[in-house]
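Below: a set of structures, written as structure tokens.
Same chain, two partners: chain A is paired with chain B first, then with chain C.
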Partner chain A sequence: MDLLLSIDNLNVYFYRSEGVLKAVDGISYNLHKGEVLGIVGESGSGKSVSVLSIVRLLPANGKIVDGSISFDGKDILKLSMNELQDIRGKDIGFVFQDPMSSLNPVITVGQQVMEPLLWHNLCSREEAYKRAKNMLGMVGIPFPEERMKEYPFQFSGGMRQRVMIAIALICNPKLLIADEPTTSLDVTTQAQIIRLLKNMRSELDMSVILITHNLALTSNFCDRLIIMYASNMMETGGTKDVLNTPSHPYTRFLLDAVPDIEVEKELVPIPGTIPDLINPPEGCKFHPRCPMSMDICRTEKPPLFPVGDGHYSACWLCGRE
Partner chain B sequence: MGNKKRIGRSYWSNIWEKFKRNKLAVFGLIFVCILILLGISAPWLAPYPYDEVHYEAVWTPPCREFLAGTDQLGRDIFSRLLYSLRNAIIVGLGAQSLIVVIGLTLGLIAGFYGGKTDNILMRIVDIVYSFPSYLLNIILVLVLGRGYFSIFVAIAATGWAGMARLVRGQTLSTKSRDFVEAARASGAGNNRIMFRYILPNIIGPVIYSIFSGIPGVMLVESGLSLIGLGVRPPMPSWGLMISEGTGQFLYNPYMLLAPAGMLVLTILSFNFVAFGLRDALSARE
Partner chain C sequence: MTQYIIKRIGWIIFNLLVLSLIAFILIKNVPGSFLELQILIGQAGTMGTGLTISEVEKVRGVETEMMKRWGEDVPLWQQYLTFIKGLVTLDMGPSFRWPTQTIEEIIANTFPVSFTIAILAVTIAIIIGIPLGVLAALKQNSWIDYLVSALVMVVSAIPNYVMAVFVIFLFSFWIPILPTYGWGQPKNYILPVLAMSFGPIGSIAGYMRTSLLDALKQDYIRTAWAKGGTERHVIFGHAMKNSLIPLVTILGPMISHLILGTVFVEGMFGVPGMGQYFSQAAGSRDYPLMMAQTVIFGLILMIMNLIVDIIYFFLDPRIRVSRR
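Then we have the complex of A and B:
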């Protein structure tokens, strides 16, 4: 498979008045064409920041201090603002977490779906209208022609998220980044949106990065998973491998915290809280909460050890064997 | 939802619905429209030219011939009121447009780009804000000479600071909303963000501020006329007429009451519209 995106040793720091916050601390991964990658982690683990860096959409106090990002053969960190704007929306589509606030309240939905096409000069206004109408139909909005004339406040949350997906996909991007696309929706809508993303992926033949803190959503959608904790990659590998044979204690904890309707089991919360990222713990970031921590965990940061075919784990336990 | 055609309700029709519920505001709006029409058609409606003197009819109380009486030169007060209204509207709209252009541009730039630009622009705003504006108005009119344009400039030179502050604040809060980031993610540049995403979303408070500012501008013009620095006589102005009327209040009270009443009515009706707009615009989404 061809390589689409390659991130190498990415370091993103936020400069706050209290100090420097390492939001992403040396992360590397590759994404192939047509692949679906899931990034899972708690809030504040750096998953959003790591993907926002791909199009350099960081807040003013955030900086990419080290590493390289190459997308489709281009070195993202060396592009000018204009070249970046060319990629945003056209080659990389974004779906954000909160559809209630991610649409412009004073412009009709139709306009908003058409705009990326017009901004990138991909087609005429009439053509854009047609494509927007088709796209809205594809993402499952009934009566797309009528609804294009309406404003976002006339849409429900699930419908708005469909509109967001339509906006992200209208230019036929090579990569779709969905940043917790279902977090603010109710459970039945969540399932619909994930199914929609899945259908659109196979129909439009693109790569997808799905960010979520819900492991259950990843199992039948993602090809590969990255488990993140406190700005670091804990484990990565094929979805089945990671979910069936988790090798990092943090992943095991995460899996224990997923409710399962069929099996009655006690949900086990992970003891402790996510560490302060301005003064993070030495060594492995997870050691203060890890029941299996050893001396080496307190002093040295574990590298990624191979534990299977394409399956890696950043845990000293795996390095011993 | 059915197969029936859905009734599209736009942002503005929504605001209009809310505005209509406020009877006082609707009344004010109707009155404002009438005033503007009267002002525009003053040259045709006025029974006499504003500067025609009738020495045979000095200080005539209101009668059939002179609807609002005559002044010390026998000029028809009703005609002069109409022309004053015309002047007040010209000054109100003219100066206010200048204020909007300057305030909106600088406020948008300051709020959007932030940092050093913001700092410099806002310090200028602070300086203009802390200046005694009436004094500055007088100086500017004296320097520039009397006339519509110098009155516009004098009023706008002190009035834009408030508008710039308002726009900057609104821009700052809109800039950080999710849909702006979403627009960036789909490839929008700075100009598109400013004009398509920020400006339409802050236009509500700006419209309110435009409307509520018009009476203030009219008052400043009246204040300037009161000390003889407004529009050039014999062109009438409410301020000038009021100052002429005060001396005659005990003998010919209509000379004061007529222009003062018109001034109050005009300002009240603009304010009612402004309040109605504020309520309609604030309750959106």
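Then we have the complex of A and C:
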């Protein structure tokens, strides 16, 4: 498979009045064409920041201090603003977490769906209207022509997220980034949205990065997983490998925290709390909460050790042999 | 929409009745009367401001007419009804202080002047204030932002009559191109309008800056950037539309205060506006004029608020659609 996105040693810092927050602390990964990558982690683990960096959409106090991002052969960090705007929305579509606030309340839904086409001068207004209508139909909005005249507040949460997906897909992007697309929706709608993303992926033949804190959503959608904790990659590998043979203690904890309807089991909370990222712990960021931590964990940051075919784990336990 | 406006107009009429009733009761219970005050001033004749004997006679004549009209011998509620009748039929009789003019004449002569000045001042304030506020918001924490914020603070804090002195210095003294006093020509409007626009420029620029900064922080702005929007698309297409909505709300009260609150500026430039008359009405216990003033101020404020709500209706689909 061809490489679409390659991130190498990405470091993103946030400059706050309390100090410098390392939101992404040296992560690297590749994404191939047609591949679906899941990035899983708790809130504040740096997963959103790592993908917002791909189109340099960070808040004003966030800065990419080191690393390189290569998308479709282009060095993202060296692009001018115009070149970057050309990629945003056209080659890379974004779906954000909260569809309530992510759509402009005073602009019609139709206009908002048409905008990426118009802004990138991809077609005439009439053509854009037709394509927006078709796209809204494709993402499962009934009576798309009537609903294009309406405003976001006239849509339900799930319908708004479908609109967001239509906006992200209208230019037929090479990469769709879905940043917690289901977090603010109820459970049945969550499943519908994931199913929709899955169908659209096979229909439009694009790559997808799905960010979530819900491991259960990844299992039948993602090809590969990255587990993030406190701005670092903990484990990465094929979805089946990571879920069936987790090799990092943090991943095991995450899996123990997923309820299973078939097996009666006790849900185990992870002991401790996520670390302060302005003054993070030395060595492995997970060691204060890890029951298996050793002396080396407190002093040295573990590299990614191979534990299987394309399966890596940043844990000293895996590098002992 | 039509139904809504009719309902609002009904409320305006009701509110005016309540307002005029309260004002009537208060004014009728204030100690002192116009005649007493004039005679006091007349006794202090050497001050040069009092009335001559014949004028006192004239005032007495007017007061007798007023007595007959409002009838001090009839109960207060009847007096009030007479006032309302005068208001509705636009026949409120002469003023005490300006006995040769009826209230209607005073308002008909002065209102257009005050209204024109207020509208011109607000228009200038919008034309200058909005771009200033937008500029400050877009260059947040730069020297431009600090300069605009400092200007906003200065012009909001300085009263308009001090600004009037400033514009007189600027355009009549240093660059002597405009008259300082007089009325009748279009150029006479320039200085008073300028003097009165500074305060509104400050508040509009300040408001615009805050409101645009707030809009730029919203999630939908991030969405617009993620869609590949340029600054023009994102800021003027998406953020401005939202940030103008709260700005509209301050325009209504701003215009009504400018219409009535121009006493000092009118005095300095010799503008024959309403402020001159109304500022003296209360001091001289000119009951008819005070009542008219109260009702007019209430009416202007409520009409402005209605206009603002109608503009809101067109700007904000959330209101438009839910009212349909």
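Keep in mind that, in the parts below, the second predicted complex is superposed on the first by the 321 of 321 C-alpha atoms of A that agree within 3 Å, B and C clash if a C-alpha of one lies under 4 Å from a C-alpha of the other, contacts with A are read in each partner's own complex, and residues count from 1 in each chain.
As a working rule, a contact is a pair of C-beta atoms (placed from the backbone, for glycine too) under 8 Å apart; a residue touches a chain by one contact, two chains touch by 3 or more.
Computed from a predicted model, the values in this text were never measured in an experiment.
Following the overlay on chain A, a clash is recorded for the pair chain B and chain C. Greater residue coverage of chain A by touch, when chain B is weighed against chain C, goes to B. Once chain A of one complex is fitted onto chain A of the other, the partner contacts of A:Ile167 extend to both chain B and chain C.
Look at A:Pro116: by the touch rule set out above, it reaches both chain B and chain C. Of the two partner chains placed by superposition, chain B and chain C are both touched by A:Asp98. Look at A:Val51: by the touch rule set out above, it reaches neither chain B nor chain C. In the superposed model, A:Ile227 makes contact with neither chain B nor chain C. Once the two complexes are overlaid on the shared chain, A:Glu146 sits against chain B while remaining clear of chain C.
With both structures placed on the common chain, the touch criterion links A:Leu37 to neither chain B nor chain C. Shared contact residues of chain A, touching chain B in one structure and chain C in the other: 55, 57, 85-90, 93-94, 96, 98, 101-108, 115-116, 119-120, 150-151, 153-154, 164, 167. Chain C contributes residues 218-220, 222-230, 233, 238, 241-242, 245, 315-318, 321 to its touches with chain A in the complex.
Residue ranges on chain A touching chain B, taken from their complex, read 55, 57, 60, 81-82, 85-90, 93-94, 96, 98, 101-108, 115-116, 119-120, 142-143, 146-147, 149-151, 153-154, 164, 167-168.
By the touch criterion given at the top, residues 1, 5-6, 8-11, 114, 177-179, 181-189, 192, 196-197, 200-201, 284-285 of chain B touch chain A in their complex.
Residue ranges on chain A touching chain C, taken from their complex, read 55, 57, 85-90, 93-94, 96, 98, 101-108, 115-116, 119-120, 150-151, 153-154, 164, 167.
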